[in-house]
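Structure first, commentary second.
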């Protein structure tokens, strides 16, 4: 069993906001992260897969295929987009780093199984000072 | 003469957009950077000042004072904001890294002179793959 | 269950030293790390907590509250300090990265429980070439 | 129980190549990574060991001894070398990051046990965008 | 006048070698950098251009066009290649970081002029501990 | 003319302190940087030299010789030391980043001339948020 990690990046706008709450409550809980005019980040995404070594290739998974799947299902949908209003798999969800990592997991878990490996971890970095990890 | 650089960070939303152009023209020139729903970045700002060494303190400028001035005049106005719609010194300007660096220079140059040093360079990093430098 | 990590920094002086040993023995075991005139580091601290997602907020823990607790109980006590002589929770202990990580865990574990999450890991980086991780 | 990680680096040439396959098949599977004229990388290696804290020293393992063992058995054999043709423990193996990490584990596991700790993980970074981890 | 920098990367094999010298002399001068079996690096390339701000676009140069020119004339020729034997603009030259930076300048200077800006600096990083800069 | 930069590191203790001032005045000007029990940093030093390309070697200066000179005259004297009390070339001087950079320049300028190149810049990083540059 070996783990392989691919790093990808996307730049997106978002705000933290709960539609069940008043604007005052949103401001109180989320502070300037709830700015109605949005702000944004250079997100860094680490996709870790695990599996047995394939002897002929010497790898766990074809990194080019992994990168293609991540690009098609995740990066194309998030890069230069507004997470709250434009991303189908984030509809009606909190646009937090935690929820985004979980939903990226949900989007990728079956796709990666079809490539012959198991998704192990989604790590998502929002700033140099905070990141989340989701293991399913 | 010695140069001192302070690094600061802000997270903001923006889009590249020229109001004199049609949406098609904006899309053609700026690509997905002109997304009307915005996107954003973790900007990294380097403020370089120069001056003579002050013998008693052993420094060019008081780093705490420099940081305070930059925070008050630049970071507070940009962090968790939308550069196109909320930042007074960017009103009616292109929200590009180049223009933003120039306007940050304009905001800071006199403030830093009052601290007893000269502004030498504004370096602004938009992503890990591109940055601009402005020397006035 | 999701993991969230906050990164913090502090700059401190220390020396490796065992008072039960002679100076020669300290020098032999710890080399120039036992310099009686001290040396120091830019320590980087990663606090990882884990817990269930809170649906309303979309997070595991309020990052601002976590940061405040870490600042009050850890950073204020270590930053610009001498680890061997000024830090209450390091009194009579080896000022190694390992021991420091363990004691930071001990200081934070109950505080973080009160914020509604569990401390998962303390990672402490001493230089770009070495770090320790403690999981309790 | 505490984990300690040491970071080391080596620069080497390699190619992905399976001698059981035709050149066309190698090209098809490995792309430009199979270039017969070689290419190379600045590899970054993280060796994580785990063990009980030794009270007198305040550490898990003597970092200088760990570094010496890694240098002698791994870095000296890989740095400024061709992984496919000059490295004894890679003979007749795929020169992939995965296989290299596994073989570095095999070389180090007993050596580190003799230093009084257990090897926990070999992490090997090939580029800023991909790395592997092996836990034995 | 404003400066814009684009960062690009390529992974390549090379050796330091002067064909006018004996193997012993090469070994004496270049050490293990002259290994006849090659070694390699993850090179990082920073292309800095300068020019006047174009008011309509708010930029100095179209970053996508700059990136395309650098990719076509530099990255495609160097990435996953052997610098000594496969790169036309390095034929019969020392495969040092210095010479490589100068030749990349020579390849790009006119191309960038056609994009409406001036090449200002080629910075080439060979390892995390050494880089060269060439200003023409 | 080409510029070459070598990166080196040292970990040291220091305090900002002016013996002509009272302790209160030192505290007022330097804040917690004047802690009498010291604090410390992982300093990162960049030595940039410039000169003509030597055709036979393809370099400006022998990087190994440069590194040896810097190690002997600078790193050995600063690493794991107390800058205020143990470093001959800092005796009776402010232990600030600015003064340290200037004195490292003074120590190295003639040594590098003897290697056949000119010292161009000393860049010294104290934390990830501040650094100084001295050009002589």
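Of note:
For clarity, chains are labelled A, B, C, D, E and F in written order, and residue numbers in each chain start from 1.
Operating definition for what follows: a residue touches a chain if its C-beta (ideal position, glycine included) is under 8 Å from a C-beta of that chain, and two chains touch if they have at least 3 such contacts.
No experiment lies behind these values; they were computed from the predicted model shown.
Looking at which of A-C and C-F shares more C-beta pairs in contact, the answer is the pair C-F. The most distant chain from chain D is B, comparing centres defined as mean Cα coordinates. Look at the CA centroids: the one farthest from the centroid of chain E belongs to C. Chain centres here are Cα averages; for chain A and chain B they lie 28 Å apart.
With centres defined as mean CA coordinates, chain D is found 42 Å away from chain B. In chain A, the residues that reach two or more other chains under the touch definition are 128. Taken chain by chain, the contacts fit none of the simple shapes, being neither an open path, a ring, a star, nor a full set of pairwise contacts. Counting only pairs that meet the touch rule, the chains in contact are A-B, A-C, A-D, B-E, B-F, C-D, C-F, D-E, E-F.
Considering their complex, residues 1-8, 48, 53, 55-60, 63-64 of chain D touch chain C.
The part of chain E that touches chain D in the complex is made up of residues 9, 11-14, 32-33, 35, 37-42, 79-82, 85-86, 127-128. The touching residues of chain C, when paired with chain D in their complex, are 16, 18, 20-21, 29-31, 93-99, 101-102, 128-135.
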